[in-house]
Every structure is written in C-alpha cells, then in structure tokens.
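Below, chain A partners chain B and then partners chain C, in two separate complexes.
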Partner chain A sequence: MTEADSATWRVPPRWVLLVAVLSIVAAEVGGGSMARFKVELTRWARDGMLARPSVHGLVGVRDVDERILDEALVKFDAGLRLFHMHAEGMGLVIIATSMVAATVIPNAAARRTIIALLTAGGAGYPVGYLVWSALIPSHGLERSKTIAEWLVWVPFGTATIVALWCLAGFVAWAMISRRRA
Partner chain B sequence: MTGRVIVAPAVLAAFVAVGAPALAHHVGAYVPKDNAVTTNFKQVKFSVQARKFDVALRLFETGTLRAEMRAHAATLPPGLEDGTRAALAAGDGPEVERRLMIFFAALSRDLALEADRRIARPDATADARVDTGKKFLEAIWRYYNLVDFAVATRDNKASVAVRLAFDDAETYVKPATGGTAPVDPVGLRKPLQRIAQVLSTLIESSSTPPRRNS
Partner chain C sequence: MSRPVRRPPLGVVLVALVMLALGETAGAAMSRLKPEIQRYAAGRVATNAGAHGFSGSAEYDDEVRDRAIFTAEAGLSFFHLHGEGVGLVLFFASALVAAIVPGRRARVVLYLLLTLGGLFPLGYLVYGAAVLEMGRDAGIELAERWILTPLGVAAIAGLVGLWLAMARRRA
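After this line comes the complex of A and B, so read on.
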C-alpha cells in the first residue's frame, strides 16, 4: 500500500500551512487597517491623484473632476476590500486543496509541484488587489489594473487554475482506478 | 470505496466552482454618486413636492445649492438666490422650480462653454480633447438631467434641442457598435455650442416670472 492509498487525510507540508495562515493574517491586518486608517488612506490616494492631474485626466473644473476622483477613490477602496476578502478566502482554499493534493496524488514530484502551484497561486493572487490599489494614485485606473494583471493576477491566477485542474484530474484518475480494482 | 475518495472530488468541485469567479480578477463596478449640489437640489425639490416649505427653506439656506448660487452669481440672472429664498418662504412651489431650473441650466451652459473653450485649444492631441469633451458631457448631463422635465414643461422646443445636441455630441465621444468613435474634436464643438446657445436663450426667456392672471 502506498502513502496515497491510506484511508486517512494527509496534512500538507508545514510551509504550506504557514503560507496559508500568513495569508489569512495579512487579510485580517489589511481589513483592520482599512477601517482604522480609512481617512488617512483616502487622503493619501486623493493627494496622489491631485499631484498627477494628467494621469487621471483631471481638467481643473470641479464639476468634472469630482466624479473622476470619486471613481478612483471608490476603486482604490474596492481594491483594499477585495484584497481582504480574497486573501482570507484563498488562505482557506490553499489549506483545503493542498490537503486533497497531499492525500490523493501518489506521485511525489507531481504532488510537490501541484501543492507548490496551489500555495504560490493562492497566496500571490490576492496581492494583485493590493498592488492595484497602491498603483491607482500614481498610474491611474486602467494602467494600474493592467500592471496588476500582468504582474500578479495572470501568473498567480493561472498557477492556481492549472493546479486545480491537474488536481481534479488526479482525483478522477484515483476514482477510476478504484472502480477498476 | 473509501470515504476519502468520495469526499475529495466534492471538496475539489466546490473549490473550483467557488474559485472560478474569484480568479476572473473582477475589480468591482462604479456607480456615479450625487455630488453635494445635486444632493441638496433633490432634498429641496422633494421637500417642496411634499409641501414642506419650512424644511425646504432650511435645507436651501444651509445647503450647497445656495453657496453655489453665490459662487456663480456673476453668470446667473440677478437676484436668483434671493428670489429662490423668497419663493421658498412664500411657499410658491412653481416659482422655486423655475428658479432652480434656471440655476441648473446656467451651470450646464457654463460647462458647455468651458468644454468648447478646452476643446478649441490646439496644444492638446485630438484624443485628449475628445476625452475632455466626454468628461464635460457627463458633467453637463448630470446637471441638465435634473431639470429637463421642468424645461420640457415650459419650453418643449428647448428641451428637445438640448437633447438632440447632446445626442449629437455623444456620437463624437462614444464608440459606435463594432467600430471606434471618429476622433473629431472640431465636430464635437458644434453640439456643445448649440447646447450653450439654447440654454442661454432658455435662461433669458425664463428669467421673467410668468404672469399668472393673464
């Protein structure tokens, strides 16, 4: 009987659990900071945008600019909220999926690769929202979104999606093998 | 079959299903909010409609609407602020509506004139000027839309003319279906000038209170 055939759930490696817990801790700290420093954060973002009128397309007419600033500030706040939400959720996703991987994948190399992808993707993806928010005042809405997409969301999101599909394949294979046996 | 093999796919399926939307990196949607002027206008308008003129007067005296009327006094018909206040104190709903209509028509006209000036500047690229025009159009519509009904009930031709000019202007800033918007800031100036002209005429013709007994 191999390790993967044992009838009990296997705990994923400790570093994986540590990353998942740190992700959840970061989410909680982020959420708390958002509430505690809401005024300071908004002021910082607003000052950053006013310092770069051309980046945000400000025209110097209050009736026009206030809507542009409001939209950017709403998105800035949304980015922080989404980081909080995703980091919290992905921490749990890392724990659950890496536990499934540790339990059902018999091949050690495949197991390690999928767990690494799940952990890196799950922990990295939410950081994209933080990056997006942080870049809005200096790079504008669309450019900051593009940077976050190519720097964080696409690579880490892809890692998670690929790992999840591979894991689904392994689970399906395990089920088929058991039926045949 | 062990329980582990039954539970594992269920857990996986749940996380794939839940995780899929999260991985689409949605960034939320923005719904434009009222600014201080439009909020105060709505407060006053609804108070007047409810015949709570004391509440409307208090909201007007302490709100942004009055401050803005003072700030724009140079471009408004003389006595607009005092007249609005007097109409509220007298409980004259139609007169309050007429004066607020003039105020927002004037704000929209000033924005249209400013947009035309900005778009005429040769120091910016055509794309930048069209982008500026788009932002001004949004601001113009936000104010004009508040009083369009009041305008239509008094001067239907003016209301239609503003709407047509606005639609015309939008064709220069919004991409057509299956294509891109023509980058023509010069073309955008014409409907903006038309909006300003129609609103100027409206303000002029509406600035005299109607004779009710005739």
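After this line comes the complex of A and C, so read on.
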C-alpha cells in the first residue's frame, strides 16, 4: 500500500498552514477594522476622490458630484467587505485542499506544485479586493478594477482554479487506481 | 502523542473538491463573462417569451426581461457563494465523521446525507437556467421544490446526525 492509498490524512507543510491562518487573521482584522474605522476610512477615500476630481468625473455641481462620490464609496466599501469574506473563505480552502493534496498526490514534484499554486492563489486572490479599494480614490472605479484584475485576480484566481481542477483529477485518478488494484 | 486521523472516502472528498472548483470557476465566469452571460440570458428569455408572460408592451416586457436576467444572474452568484461554502462544509463535516463517528454503518449514512447536501449548490444552477426557460416564478418554484429543498434537508440531516453522534460519544 502506498502513502496515497492510506486511509488517514497527511498534514500539509507548516508554511502552508501558516499562510492559511494568516489569511484568516487578516480577514478578521479587516472585518474588525471596517467596523471600527468606518468613518475614518470613508473620510480618507472621499478626501482622496475630492483631491482628484478629473479622475472621477466630478464637475463641481453638488447634486451630480455627490451621486458619483456615493457610488464610488459604495464600491470602496464593497471591496473591503469582499476582502474580509474571501480571505476567510480562502484560508479555509487552502487548509482543506492542501491537506487533500498532501494525502492523495503520490508524486512529490506534482504535490509540491499543486500545494504551492493552491496556497499562493488562495492567499493572493483576496488581496485583489484590498488593492481595488485602495486604488479607487486615486485611479477611479474602472481603472482601479482593471489594475486589480490583471495584477491580482487573474493570475492568482487562475492559479487556484487550475490547481483545484488538477487536484480533483488526482483524486479521481486515485479512486480509479484503487479500484483496479 | 497524537494518532493518525482517519479520512473520509475519496468519493466524498472528490464531490467537495468539485463543488469548490465549480464555485471558483463560476465566480471567475461571472466576473469575466458578464456581458456574454447577460446576452445569453436575454436571448433565452426572448426565445421563451410565452413562459415569461410577455404582453407586447415594450415597457412591461423590458421590465419582465430585466427581472428574469437579474434572477438568473443571482442564481449564478448564489452558486458561486454556496459552491465555496458548502464544499468546505462537506469537506470538514465528513472529515469529522471519519475521525469521530465509531460505527461503519452510521458513517456510511452520514457520508451519504452530507454528500447529497454537498450537491445543494447545483440547485442554484438549475434555478438560474429554469428561470430563463420556464419564467421567473415557475423556475424558482421548480428549483426550490425539487432540488434545493431535498438537498438542503439532506445536508441538515447529515449535520444533525454528526452532532448527535458526537454528543452520544461524549456521554
């Protein structure tokens, strides 16, 4: 019986668990900060937008500008909330999936690659929401989203999706091999 | 010294992983393919105009179409959210079953219930598709009655069973 056939769990490397727990801690701190510093964060974002009227299409007419500012502040807040939610969830996804990879994938190189992709993708992806929020005041809604998308969401999200489907393939393969044996 | 912890069957792990992977992929699709999804949804609503109760009045029909597209998108969004969440619930709950529940038969029943519950997010895919094909109310009714409710009940029964098994073991 090989290690992959064993009916017990194998623990993933410690650095993986540290990254996962750090992601969950960051999410908790983010959630707490959002509640505790809501006014300060909103003021910071609003001041940043007022300092760059052309970026946000502000025209100097209060009725028009307030609507634009409100929409941007809703997105700013949504980015922080999505970071909180995704970092908590992805921390757990890293723990669960890396444990499966450590247990099921017999080839060391493949196991290391999948675990690295799951960990980097899972921990990096939520940071994109922080980047998005942080860039809204200085770069505007669309440009900040594009930057976060290509800098963080696409590479890290792709890493997670590819690694998850590969891992599902490894598990299916392990099931087939066990049936044949 | 800690002893090795038993894991659930690979079939259960596979369902949890596939749910997570589908949830992730749906999230990416929602973000990258939003216009295409909306176009497809509008096309399906137009094809099934009768099911949506189009009246021929442009204003009314536009409102019905927008509401159906919004509901279909909500279905995809719920699928993303629940795929991630329920995938994790299935994974960790079945890991607890494997580690803690003593009887083999009890474990098999709990795995079965939890795995059925793990398929719950698929109900939201059906929800989104059925709304486009059958109209908003009929589509929601179909998904809720025939998929979401039975699979949700299975998940709850599995979790309650796990709780009872843990409480009994402790007593």
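Things to note:
Methods note: the second predicted complex is superposed on the first by the 181 of 181 C-alpha atoms of A that agree within 3 Å, B and C clash if a C-alpha of one lies under 4 Å from a C-alpha of the other, contacts with A are read in each partner's own complex, and residues count from 1 in each chain.
Here is the rule we go by: contacts are C-beta pairs under 8 Å (C-beta built on N, C-alpha and C of every residue); 3 or more make two chains touch, one makes a residue touch a chain.
Predicted model, so just to flag it, every value in this text is computed and none were measured.
By the document's definition of touching, of the two partners only chain B reaches A:70; chain C does not. Within the superposed three-chain model, A:82 lies in touch with chain B and out of touch with chain C [touch as defined at top]. Between chain B and chain C, it is B that contacts the larger number of residues in chain A. In the overlay built on the shared chain, the residue A:108 is in contact with neither chain B nor chain C. In the superposed pair of complexes, A:57 makes contact with chain B only, with no contact to chain C. Within the superposed three-chain model, A:25 lies out of touch with both chain B and chain C [touch as defined at top]. By the touch criterion defined above, A:128 lies against chain B but remains apart from chain C after alignment on the C-alpha atoms of chain A. Legend: residue contacts after superposition of the two complexes on their common chain; A:175 is shown touching both chain B and chain C. Common to the chain B-facing and chain C-facing surfaces of chain A are residues 7-9, 89, 93, 96-97, 100, 103-104, 149, 153, 157, 160-161, 164-165, 167-168, 171-172, 174-175, 178. The touching residues of chain B, counted against chain A in their complex, run 1-5, 8-9, 11-13, 15-16, 18-19, 22-23, 25-28, 30, 32-33, 35, 107, 111, 114, 118, 131-132, 135-136, 138-139, 142-143. Of all residues in chain A, those touching chain B in their complex are 7-9, 57, 59, 61, 63-64, 66-68, 70-71, 74-75, 78-79, 82, 86, 89-90, 93, 96-97, 100, 103-104, 125, 128, 132, 145, 148-149, 153, 157, 160-161, 164-165, 167-168, 171-172, 174-175, 178-179.
Chain C meets chain A in the complex at residues 4-7, 10-11, 13-14, 16-18, 20-21, 24-25, 27-28, 31, 84-85, 88, 91-92, 95. Interface residues of chain A, counted against chain C in their complex, comprise 7-9, 89, 92-93, 96-97, 100, 103-104, 149, 153, 157-158, 160-161, 164-165, 167-168, 171-172, 174-175, 178.
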